[in-house]
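In the two complexes that follow, chain A is the common piece, with chain B as its partner first and chain C second.
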Partner chain A sequence: MENIISIKDVTYTYPESKKPAINRLSLDIYRNEWLSIVGKNGSGKSTLAKLIDGLIESETGTIIVDGQEVNEKNIWEIRSKIGIVFQNPDHQFVGATVEDDVAFGLENQGIPRDEMVKEVDAALKMVDMQDYKTRDPQSLSGGQKQRVAIAGVLATKPSIIIMDESTSMLDPNGRKTVLDLVKQLREEQNMTIISITHDIEETELSERIVVLRDGEVVQKADPKAIYDIGRKLTNYGLEEPFSSQVAYLLKDELKLPEGYLNEEELIENIWKLSSKM
Partner chain B sequence: MNKLILGRYLPGDSIIYRLDPRGKFLITFYFIGIVFLANNVASYGFLLLFVLFAVYISKINLGFFIKGLRPMLWLILFTVLLQLFFTPSENPLWHWGIFTLSTDGMRIAAYIFIRFVLIIFISTLLTLTTTPIEISDSIESILKPLKVIKFPVTQVALMLSIALRFVPLLIDETTKIMDAQRARGVDFGEGGIMQRIKSFVPILIPLFVSSFSIAYDLAIAMESRGYKDGEGRSKYRVLSWSKRDYMALVVMLLITIILLFIRSY
Partner chain C sequence: MEIIFKNVTHSYEANSPLEGLGLDDVSLTIHDKKFTAIVGKTGSGKSTLVRHINALLKPTSGTILVGDREITPETNNKNLKPLRKNVGMVFQFPESQLFEDTVEKDIMFGPMNFGMSEADAKKSAHKMIELVGLGKEYLDKSPFDLSGGQMRRVAIAGVLASEPETIILDEPTAGLDPVGRKEIMDLFKNLQEQGRTIILITHNMDDVANYAEEMVVIHDAKVKAVGKPKDIFNDRSLLTDDILTLPRSAVFAQRLAKKNFSFPQLPITISELTTEIKRQVHGD
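Let's look at the complex of A and B:
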């Protein structure tokens, strides 16, 4: 698989702290994969996202994004390839209306107005928010705001989308619409998705989970292998999946297969048991 | 809290709404200027008729304009009373100590009152029919010549529009902080004036802190979307100057000529 981002030996320490937030971290991210980055608060997840986008500068090591090294010279080109959707929908709205906000990234690139109008419409259509074009962001729900934020990111046609806990402030419905949208976008637009999250459902959608602790990668595996850890997932800042909790409580009473089962598999197995009895 | 928002915009549609905001902005200031040219009953009456006509074609209920007077009520009352009782006169109707009541004083007081009404109505008409963002766009457009002396017009305009955008958010934030403190027993409506002012200090500090954190988040978000320094950006919102805007200017010119005529009559 081809790397779209390769991070090599990167260290970053916040000015006010003694301990590095990211400590000699190396990681390859493949083109068109959906990668989840998980970890407890302060494990360096968001710092990593900022480093990839060149919003902060690493002390050591190199980061290569789509063949270009992140440095002063390439930074604007790299930023145009990466779209970040942040946690708080209210804190990333620049425009006074939905359409103005979606246009912000395009305005920054100096795209002529006629083209912008088309791009804004297309981006709003992709996230199914075209009916809200002239609305004031304050009048939207959290999920709608995040969809507009995604439209703003899509308008500039990035190849990588970073979701920095983008669904953590949304209600279950809002979260579902945003995740469905991201899933669909990845399939249709061939994007690479990096989601920084605490949400177990979000990691289930991804192909690979990277666990950070104290600025280092401590685990790298597909979701199933990570969920096998079961009880200890809380050490990684993740909640144990519901099915795994149920399986753990049942393990003394019933004979269930080893390893992680998702909800459907668990139900299937319990059914089989009861039909044997 | 929401009543505090300055320049409330009232969504609607009429010829006044459709005028170019730059024109409306300049005309409003121009009109405020020529109000001071009026010097007799006929000229004040003429301007009042014009303003009422503008209100009529804006299709906005007159009630909104009268509400617009309310925050200025004390100032108006004070000024009018001052004129009423302190205008020196040769043949006063009534005289007591420093107070003098005369027909002249009454006339001047009435003029001052109408002057207030005219200025407040016309500026209310501007803010009711123009969104804050349109106003900030017109300010940018009007200030554009200042680029010659290296004044950062585009940056200032963006600052202005972001500030406007964050007013409701900061009001929400304030309400949240106040609720959080009420939940812990703070009573904002109690005590003397000093006590009440003091109880606002614990609101200001968290509000400051959260404003800074919002500003930091926003700066990061803007930078990640490729915002550099305001140069080389294109504009999504465009203002278009059309025939009716020229018409509006012609109307203003006619108003001025008629006013000058009535004035010297």
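Let's look at the complex of A and C:
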């Protein structure tokens, strides 16, 4: 697999802080994969995203994005390949209307006006916000704002999308819309998805999960292997998947197989036990 | 304090082409000392509703009674301090409102603004920092050196420091890790058990099932249903119209019901679910 991002031996310490937020971290991210980065608040997830986007500068090591080292010379070119959707949509708006806001990133890239209008409409349609295009972003609810922010990122057609807790404000349906959308973008536009999240169920859609603690990678595996960690996931600030929680509470009376079972497998096993009775 | 909405309507950008209804003829009673969850889709009017309780928004028509305080379209902005002291509001992303150079000063700001003496505000800050699960060693730090989750706790401590009787929480745990989320939710439950009224806006139906005694469903700026979570989650009309989503335990039960299990009432918590599964597997 080809690397789209290579992080080697990177350290970052916030000013006035004694402990590094990212500590000698190395990680390869593959082109077109969906990678989840999980860990409790303060484990270094968002700091890592900022380092990749060159918003802050590492003290040691190197970060290569799509063949280019992140440094002052390349920073703008690298940023044009990366779209970040942050957690709090209020910090992301600059336009007076929804369509202006989505157009903002395109204006920076010098795209002609008529083409821009088309791109903006297409991006708003993808997030199902086309009916709101003349509204003031500040008049929208949190979830609607987040969908507009995602449209703004999509309009610039980045090859990497970093989602920094960006579905945590959405209701379950809004969240599903966004995740389906991300899935589709990854498949159709060959994008690489880096999703920073606390929601263990959301990671089920990804191909790999990286667990951070105190600025270091402590686990790195496919979802099933991570879910097998079970109860101990709480040590990393994560919740055990729901099916594991149910299985744990049933095990004192029902004989269930060891290891992680997803909901479908658990239901199948419970059903088998009940039909034997 | 009992909170009563009487035929409350709120229009945004009234008399302009963008006019929209934030609340449409809402009548509702939120009971004293209860834990009430307010749910509804993004944009349904939940935040608009709660912003009327401390008069951050005023009704376009109708009345809100908060204890013996009445809020009407004519209510002016004078003398709102006693109301706002009694109704503490934790907004979405409260950490964005931190501004002082130490955590202690930030927590003290609210109570002093409501007229508490500096000494009492300090005492309150020391108590609240522990209550939200951070130690006293955090008081001298700059709030901006803290992680997002820690900042959230400081902001919550700042609201609690004024000792409000009613606490309104607008998605207070969004973005917190699950362990932190549970600690914060347990804290709010605890505050309720000590005699406060808790009003929680949330998208997390598991939190509703686990913590709330009453539940209000808002849809298209109207109150669609009010009642106990167990009854509301078993109201099929709300589910078929896609107005409400279910807690994970209820969804799991629905999937089992497609096999040979039957749930006359859907379980809404994981303990209800697993108890019922065991009972049905053992066949009694």
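In the analysis below, the second predicted complex is superposed on the first by the 277 of 277 C-alpha atoms of A that agree within 3 Å, B and C clash if a C-alpha of one lies under 4 Å from a C-alpha of the other, contacts with A are read in each partner's own complex, and residues count from 1 in each chain.
The criterion applied here is as follows: contacts are C-beta pairs under 8 Å (C-beta built on N, C-alpha and C of every residue); 3 or more make two chains touch, one makes a residue touch a chain.
Since this is a predicted model, take the numbers as computed values, not measurements.
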Clash-or-fit label for the pair chain B, chain C on chain A: clash
Which superposed partner A:M169 touches (first chain B, second chain C, both, neither): second
Contacts of A:N41 with chain B and chain C, given as first, second, both or neither: second
Which of chain B and chain C A:E72 touches, first, second, both or neither: neither
First (chain B), second (chain C), both or neither touched by A:S141: second
Partner chain in contact with A:E239 - chain B first, chain C second, else both or neither: second
Chain C clash site on chain B (candidates 23-31, 113-121, 185-193 or 221-229): 185-193
Contact residues of chain A, present in both the chain B and the chain C interface: 88, 90-91
Interface residues, chain A side, partner chain B - complex: 50, 53, 55, 76, 79-80, 82-84, 86, 88, 90-97, 99-100, 103-113, 116-117, 120, 137-138, 152-153, 156
Chain C partner contacts - residues on chain A that touch it in the complex: 14, 16-17, 39-42, 46, 87-88, 90-91, 135, 139-144, 165, 168-174, 198, 200, 234, 237-239, 242, 245-246, 249-250, 253-254, 263, 267, 270-271, 273-275, 277
Complex interface listing, chain C residues touching chain A: 12-13, 18, 41-43, 47, 92-93, 96, 142, 145, 147-150, 171, 174-181, 203, 205, 242, 245, 248-249, 252, 255-256, 259-261, 270-271, 273-274, 277-278, 280-283
Touching residues on chain B, where the partner in the complex is chain A: 131-133, 161-162, 164-165, 168-169, 214, 217-218, 220-228, 232-238
